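In this document, chain identifiers A, B, C, D, E and F correspond to the written order of the chains, with residue numbering beginning at 1 in each.
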Amino acid sequence: MQWADLKADEISGLPKDETIVVVPVASLEHHGPHLPTGVDIVLTSEIARRTAVLTDPHRPVLVTPAVWSGLAEMHMSLGGTITLDLDTLHAVLRSICRSIVRQGFGKVLLLNGHGGNIAALGAITNEIGSTLDIAIATTSYWEHAAERFAAILEDQDTIGHACEGETSMMLALAEGLVDRDKFGQAIGPDNPTVADIAGPAVLRWRSFAARSTVTGTLGNPTRASAGKGERLLDAAAESLSAFLRNDAFWNMSY
Amino acid sequence: MQWADLKADEISGLPKDETIVVVPVASLEHHGPHLPTGVDIVLTSEIARRTAVLTDPHRPVLVTPAVWSGLAEMHMSLGGTITLDLDTLHAVLRSICRSIVRQGFGKVLLLNGHGGNIAALGAITNEIGSTLDIAIATTSYWEHAAERFAAILEDQDTIGHACEGETSMMLALAEGLVDRDKFGQAIGPDNPTVADIAGPAVLRWRSFAARSTVTGTLGNPTRASAGKGERLLDAAAESLSAFLRNDAFWNMSY
Amino acid sequence: MQWADLKADEISGLPKDETIVVVPVASLEHHGPHLPTGVDIVLTSEIARRTAVLTDPHRPVLVTPAVWSGLAEMHMSLGGTITLDLDTLHAVLRSICRSIVRQGFGKVLLLNGHGGNIAALGAITNEIGSTLDIAIATTSYWEHAAERFAAILEDQDTIGHACEGETSMMLALAEGLVDRDKFGQAIGPDNPTVADIAGPAVLRWRSFAARSTVTGTLGNPTRASAGKGERLLDAAAESLSAFLRNDAFWNMSY
Amino acid sequence: MQWADLKADEISGLPKDETIVVVPVASLEHHGPHLPTGVDIVLTSEIARRTAVLTDPHRPVLVTPAVWSGLAEMHMSLGGTITLDLDTLHAVLRSICRSIVRQGFGKVLLLNGHGGNIAALGAITNEIGSTLDIAIATTSYWEHAAERFAAILEDQDTIGHACEGETSMMLALAEGLVDRDKFGQAIGPDNPTVADIAGPAVLRWRSFAARSTVTGTLGNPTRASAGKGERLLDAAAESLSAFLRNDAFWNMSY
Amino acid sequence: MQWADLKADEISGLPKDETIVVVPVASLEHHGPHLPTGVDIVLTSEIARRTAVLTDPHRPVLVTPAVWSGLAEMHMSLGGTITLDLDTLHAVLRSICRSIVRQGFGKVLLLNGHGGNIAALGAITNEIGSTLDIAIATTSYWEHAAERFAAILEDQDTIGHACEGETSMMLALAEGLVDRDKFGQAIGPDNPTVADIAGPAVLRWRSFAARSTVTGTLGNPTRASAGKGERLLDAAAESLSAFLRNDAFWNMSY
Amino acid sequence: MQWADLKADEISGLPKDETIVVVPVASLEHHGPHLPTGVDIVLTSEIARRTAVLTDPHRPVLVTPAVWSGLAEMHMSLGGTITLDLDTLHAVLRSICRSIVRQGFGKVLLLNGHGGNIAALGAITNEIGSTLDIAIATTSYWEHAAERFAAILEDQDTIGHACEGETSMMLALAEGLVDRDKFGQAIGPDNPTVADIAGPAVLRWRSFAARSTVTGTLGNPTRASAGKGERLLDAAAESLSAFLRNDAFWNMSY
């Protein structure tokens, strides 16, 4: 169920202990020469929607509109990007979760759709969870569906940026916004990654302009297809729906 | 043009001095028994979209996704509502406008679609304008199109809340989300207004639960029709498009 | 009654449910070549004082000292001006109102005397009212006494800036601080206003240096007289005193 | 000179390098049964005024209106008190000083008139001085004129609270606001002081309700007289005027 | 080199482009019945020290004192714990890094020694890196030395909490602070973990009192030994020293 | 007792009403050519430790690790210095004290070891004390032991900066970090002090680079000796221990 599509009385009438409120958190940012800046918003919203459709017969799921601007400082120098700072993202999610709690709900998933948000959402989830004393979790859809995604993708193991995976899903959902003629100019990165140079345990500040100087992308969209995209979207929704129906998790002590 | 639908290079390629960036600011809140909570988001986004369509042939207009949560504390006790606090709304709009400026644009309209945001957007517009040194303005669509709206509406002079006007526009855009059977239970307010008691110059803190104890509405949806709604949406867009094409305004010294 | 003139025991002894605390909010700013920078402080304080004198026989009114610095960024470039930023004005009024509430009072009027404060006081009133759960309202004296003022003023309908109205009231209260020789050089504005160009529904950031490049004023002080000023001051106080005695308003549910 | 009494052009015309801007910082708080809550505002403003009168022939001194609310949490439980929190006092003084600097001035004195402000003004002076890179100092009038005051006072060495000294100065300035009949009930404290128990080097949080449970005062007003008050006011002004004329101080490197 | 042990001139004399400043970030928190609350401070400081010793011959490394309080809300209910909130940790690290940059250095490692800090340090590293425009990275010592640690540890693959690993290192460094008699009562957790229930991609707010209700630990200290501890400390230092000497990393564009 | 050396259960087992938690607050800053930057951390920590040793037989004293970065903006231009801003120091101490209170303790001493912190700690002590409603005090060790110190020191009455006193104590504790060859180049100040020019009642913003242009010091280290240092450390601890055992103080109403 979409929060924004329901009458207030319908929301108030939901079983408060059962319902999980899903807050998609995305970003509006440069996505190479071939994809629109709204990719993360489109994908995260759609995955949240499909997840709710799969889950609602078993447990009510209420999806808020997507927080469409996240932490995208890394893309700012490439154009087309809007970013919040960390304190503001924290403040927005705190206000949203506080409102959710005041409406009587106590189970929240911050569903992430943008790599640059991962660390911040982890920190913010802990801060909000302890302050509001609620069952709150966060995950990124491609990390949650990692095995399913690896089985579908051919050129990469997981989602990069404006890559085989994101391009496939956009072809499935909004082909008109995708420019196939630019696929050949959209392959990246052309610089070694932090992991290449320093291994997987190091996180450092690094712009996408430095990671991928020509295209700002991480991946190869020429390997994308609408069919793959449809399978990825469903795989994410299935993975997340199983998670939302995991009573052992949502009833854990905290 | 919708920012989120464009590739980053298309945004970067716009004439920076000419383009006006429109940021719709809405709310997710109780809208009576007959309308969904997302009314302000739907209407403000659609009016911004129509405004851009009318204006783009003359001057590029770039519409960001709607800031979908505003100042809705007044509706919190009625259910279905999410609200930001004043400092958070300020922080969000400051981050968004700062990003817009860093992308090279210098003309911004904060297009308001929720009564509870009016005062805050006035104050925030001044604060952001002087801090970022840009041409920034704010207006509420129903105030900007006040004369056109008065000519279309029959039961009221302007937009109330979940009223003839909002219900008409929702019938035009998303009839499936409107519950006509509840129209008769949706008429409000049942208490005198602040203006009734103290005249038009006084603003006071007052919840909608106090203003309209039964329905939480201000207006009469039984007077609504999809045809009126379509005319209202076009009227708002025409009024705002004329404003965006008003070179004398956008080139004023400030 | 002036809070600062009373002993603490006298304040504590007031009937807490009946008493209204009035907080004048003004500004210290450029007021043309002929008026001192303290105009808004002098006028708002005096109007609050006269309002209390008229009201005290009917209902206790406690007037705090004026918050003498408001949002005057618009005047900064013209000299003689001190301004707060929005967050600071909010913080100051929150501290003051919280103290008032902790002293047992629950009815507050933020009486505004400066145009640049209007939007902010509206937003802050809502924020403080809901947070502290009190009956709090705001109005600007010239808006509250709009009809009375229109009947007295000859050159304008309402208060501008350093105009017929403000100059008249300063002549009545502090003639020694007014420079009549400069009246002829104090007429403004010389640029069209936002309303001239874009109608009444648009608010934009605009400095007074841009509005009125030569004088920084809005109005014509050559039409001022002490007699008019005295009538304006009394009219404001009468209008506001009626408002403070309006039991239906102060006992409204909120 | 009083900032608020000058036209903006007069302020802009002052020699920026020479002029010292004095910002009186006071408090609105319980002052025993015999004195009004505004004592600190009245005294600090008057001492600043007299100081400017003495100094202006030698060096321009510009006195802003008094920041009338300081850190008075210690008096809150006794009634009649309004307090800021530390962050808000910091924010207010930062906004004021930033405005002063933007008007071209670079020498500022935060003239303190309330014991509870001393530590905060020390910390804030350093913070503002380094941030704005200006010559900024703070002193409390009774500490600056300590020797002169000791010579005048009979019952105490320095200013307490609502004591011989403050009562004398109020008798000199606003006898009508002083209640002589309550002098006998206004003697305090009745509890040992922190210094009595732990020596002069310890500062601790302690309310005035704990320090002086019956009267909330520190001192003996029965020893007050208007003549002493007049001498104290002049002594403070003479001491401070010598300080403002101390070129070696105001031209020190920092 | 330890910043605190050097004279200021020695610090100023270091080659600014070469030197890496290491800021250990730890926590003061419950560590089971057998370990002192300062474990993370002791270990992170010592690992930083050993890392610098290994690295200094090749590249100057300057180690600040440890930020000894981190995000330990999860341990608060178990006693002995001090925690910062997220905004405060951000503020502290921002102040420290800003000072480091003002002293001329541009390469910083936030060396983490507490699991609860990981997400926050990731987010803060990005925020500080982009704001100050420096080469800044973060890693947790046990994640960086993951392979080395897995080879040394017998009961677990990596560091838990008050476990084989932490207990071993404390035996090596401060045996007198370790209570061997309590090892048998220190084995945890007794509840399934989030990963057990929901897989590795989910992060949720959860206290250690819920994770490990009896002991508050994650691991088995009976498997600890001082010898293992010494090897772990050296392994961490060797791994990190290789990282600090990785010129390709520290000279990467960002 | 050192908090960090105790197991959590040992801390939880302390008599909550009796125990005093001591939080040393120091600074990491330029200390002349002869002393390391960590002087204030070393001395404050050691004095706190000795104080606890003397006091524990009579009353439990729990010493947290030192807050090692304070307000040292005054030393920044001389190198080797890290500083917090006022708001951050406030936030850190608020988080620490809030955690202390949540662990059940209600008596706190902020033991200061850096002149630049004095004013801020005074203000913060009041703010925290009233907010958390605890018995909290602050003192600087050299001010508390003023008489004892004056009897030991030969060249000065109290502690300056990198002077006879600080150098003596460092010789006693960490002779290897002291460079005796630089003593002759470490004498300061070479400029008159604020007190020289304006008397003791004035506080102003002034960097140490301006106070002591050549050495950044206040005092004469050639008069230092390890023996004096040992006596100073003991004197401070004895003075403070007497204070911590002063039941009349710690049981005062507040």
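Going forward, a residue touches a chain if its C-beta (ideal position, glycine included) is under 8 Å from a C-beta of that chain, and two chains touch if they have at least 3 such contacts.
What you are looking at is a predicted structure, and each value in this text was computed from that prediction instead of being measured.
Counting hops only between chains that touch, chain D reaches chain E in a minimum of 2. Superposition angle, chain C onto chain E, using Cα atoms only: 180 degrees, a multiple of 5 between 0 and 180. Centroids built from CA atoms put chain C at 29 Å from chain B.
Between chain B and chain E, the centres computed from C-alpha atoms are 49 Å apart. Residue numbers of chain C whose C-beta contacts span two or more other chains: 85, 87. The touch graph of the protein chains shown is a ring with every node of degree two. Around the ring, the chains sit in the order A, E, F, D, C, B, counting from chain A and moving first to chain E. Looking at the complex, you find that chain B touches chain C at residues 71, 73-74, 85-87, 90, 116, 118-130, 134-140, 143-144, 146, 191-192, 194, 197-199, 201-207, 210, 243, 246, 248-249, 252-254. Taken together, the chain A residues at the contact with chain B in this complex read 2-12, 28-38, 41-42, 64-65, 68-69, 76, 78-85, 87-88, 91-92, 94-96, 99-100, 102-103, 177, 179, 182, 216.
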